[in-house]
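Chain naming follows the written order as A, B, C, D, E and F, and within any one chain the residues start at number 1.
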Amino acid sequence: MPSGNPTVYITRKGHFSASHRLFNRQWSNDRNQEVFGKCNNPNGHGHNYEVEVTVAGSIGPDTGMVMDLKKLADLLDEEVLERFDHKHLNHDVEALKGVIPTAENIAIVIWKILSDRIPDGRLFSVKLYESGNNFVEYRGDRTA
Amino acid sequence: MPSGNPTVYITRKGHFSASHRLFNRQWSNDRNQEVFGKCNNPNGHGHNYEVEVTVAGSIGPDTGMVMDLKKLADLLDEEVLERFDHKHLNHDVEALKGVIPTAENIAIVIWKILSDRIPDGRLFSVKLYESGNNFVEYRGDRTA
Amino acid sequence: MPSGNPTVYITRKGHFSASHRLFNRQWSNDRNQEVFGKCNNPNGHGHNYEVEVTVAGSIGPDTGMVMDLKKLADLLDEEVLERFDHKHLNHDVEALKGVIPTAENIAIVIWKILSDRIPDGRLFSVKLYESGNNFVEYRGDRTA
Amino acid sequence: MPSGNPTVYITRKGHFSASHRLFNRQWSNDRNQEVFGKCNNPNGHGHNYEVEVTVAGSIGPDTGMVMDLKKLADLLDEEVLERFDHKHLNHDVEALKGVIPTAENIAIVIWKILSDRIPDGRLFSVKLYESGNNFVEYRGDRTA
Amino acid sequence: MPSGNPTVYITRKGHFSASHRLFNRQWSNDRNQEVFGKCNNPNGHGHNYEVEVTVAGSIGPDTGMVMDLKKLADLLDEEVLERFDHKHLNHDVEALKGVIPTAENIAIVIWKILSDRIPDGRLFSVKLYESGNNFVEYRGDRTA
Amino acid sequence: MPSGNPTVYITRKGHFSASHRLFNRQWSNDRNQEVFGKCNNPNGHGHNYEVEVTVAGSIGPDTGMVMDLKKLADLLDEEVLERFDHKHLNHDVEALKGVIPTAENIAIVIWKILSDRIPDGRLFSVKLYESGNNFVEYRGDRTA
């Protein structure tokens, strides 16, 4: 059996389908259009978002696990996916109120939600795919 | 070089990101909620749609092609993707006016748009993925 | 809105992780090894199976749907995925008792389970992926 | 065990990486450029091709299989992948001599190679992906 | 040609299909069921595992390579995939004897196997996908 | 709204299809064959390459973005994809002249091209997939 207490990174992936509009309410329509382009469509547009949550930790000698992936999956479902799925991110999600729902900001908000529930600094990364070609990652206050 | 005039099926895949809401305006809110559930969220939700367009035909002996895939790609881009991408399908797309934008109806509308531009009954199939787990296909009036 | 009653094919995809062993109990060990090779490993091996269920039908004019994909998803979950997931297909699944659990036979069994629940011959196809490189499809008694 | 002799479709997928140039040697350079565009780059370009071979048949009652997928995989490897992989399709592959190596023609040539080795008309389809967005399918002389 | 000796990370991906059961033989059945849930199914269940092995190093000026990817692929095949594929990880794999075959422990064991064969601390990461939604990574004794 | 100036990593993915041949012109044919094997095929072979470019930075408080992903996409298109797509990497790409076009060297060359256009050390990683099973990553002169 593996000895010592090596760090292992475990990741759970989830999905949610949502609408958003990139829009800064303190700017003119022209300025919003200039900066956000087609992402500023007034009626919004949408994505199948994929979110990967990574937790780092040592392995429990009795379980062979860093953390029960089922519990991480449940946490992600309850705290994030159920609140974000089939919603308009500008209007329907409490945690995003007042936030421009760029992928970057959504990832940071998901980090904040989960870091309260995953103790001891073990939350390592939140990665958010807006599409197969665009994605972002946030690792908290750590430097690169 | 292959002899005869065998039928070959060629497919071009494209992507668009859009919002929609499933909602029958002739029904009460309760009835809409009962039938469409979370897909009836008033502010809408969204998807990264993938659309596969298949054309059937014999191979041109000089070109080795059923149809220039670049032309099929351009047709799909101009007639469908540019009109559907980063839009709200209930509000922003002329071809969908008055249509409940289920995947089934979107596929049929894309078929109608393209069948005018792909002559001689060669359009064979329009397949639309709403997510990795849900997709529909329409093959025109052919029987299964 | 689309007129007429065209046939549309809708598909729901699901996943289950299971073990199996290819083994004909009426054969000798040597014969089993010769025919099934490494798939005959006595302790079994396993796969992340993916199953795609396709239903064909005309679109309800009030709903824009062939069938509520949510109901198809629930049906697939309850009747198939919950019974097959995290199981050994030779030992733990009632519907597979006495069946050599090849991908072909599993697809046919899933068809039989679902065709009782999807009336009027609308079940069109069951496609089963054993891995990204191996998959099978069953379309009932229809000819190719 | 499933009764009767239903038809099941089994598919094996393989990969090869190759170069090609679309070019009709009986045409002028200008004509080639007009028809084939960037696919006519004189030094060629390349793809990771994916090929899916589908065989249709009834299930052997003793094996639960249409055909040993391992044998289909070996056939595909030996007859196709080893001859096409890491090659320039215009120059290095005997079976493609004199053929403009469009996806359509490559699929037909693979069909011809395999149909000699898969008896009794059981070869059902050859599907060739040139990229994730472009693919073709050939089903022999069958009508759609 | 690139000057200096920058570090580049090269990765080879491989696949194996196997069964496992999460079970601590020093615990009661109830305790095992409580901790491991459906992963404790007595007859086991299985996965199509994907393993990504990353080696870090500087580029050989004559070869343009960190390490021959073909050799890395052969090493992965011989030392890992051939021993793990189509096996029951609790019973059939020597290197896993006495280890609860969680994804975490399997990744560490694969690291140990390969680090003996990839000298000079160049093995950088072993990433193991149990499914598309669950994966782990081990990077040796390095801190995050 | 997220406070402070946390670092976020944003990634854009692009594709190009190209040919290459691994070959050191200062070596004998035998030596080239010994080292590069089938990758040394004189007429070349090809791939659908995928390139992921990652930029690290803090989020603009007015935009919610590290950098406009559309601008990163345009930069990648203009500086890399248009120059590499449908080309033979040994002959047709100025930036690769004199370089053995291994995945490692291509990644470094793409890094050099982009680092001139992405100021202030914010380019974080260039990841290049030669196929689904082989990929490399370069992170500049940073240590692992």
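Throughout what follows, a residue touches a chain if its C-beta (ideal position, glycine included) is under 8 Å from a C-beta of that chain, and two chains touch if they have at least 3 such contacts.
Computed from a predicted structure; not experimentally measured.
Minimum number of contact steps separating chain A from chain D: 2.
Taking each chain's centre as the average of its CA atoms, chain B and chain F sit 33 Å apart.
Centroids built from CA atoms put chain D at 27 Å from chain B. Looking at chain E, residues 132, 142 sit in touch with two or more other chains. Across the assembly, chains come into contact as A-B, A-E, A-F, B-C, B-D, C-D, C-E, D-F, E-F. Residue ranges on chain E touching chain A, taken from their complex, read 22, 24, 26-27, 35, 37, 98-105, 107-109, 112, 132-144. Listing the residues of chain B that touch chain D in their complex gives 1-2, 4, 6-14, 56, 59, 62-66, 68-70, 73, 124, 142.
Listing the residues of chain F that touch chain D in their complex gives 15, 17-20, 38-39, 41, 43-48, 85-88, 90-92, 131-132.
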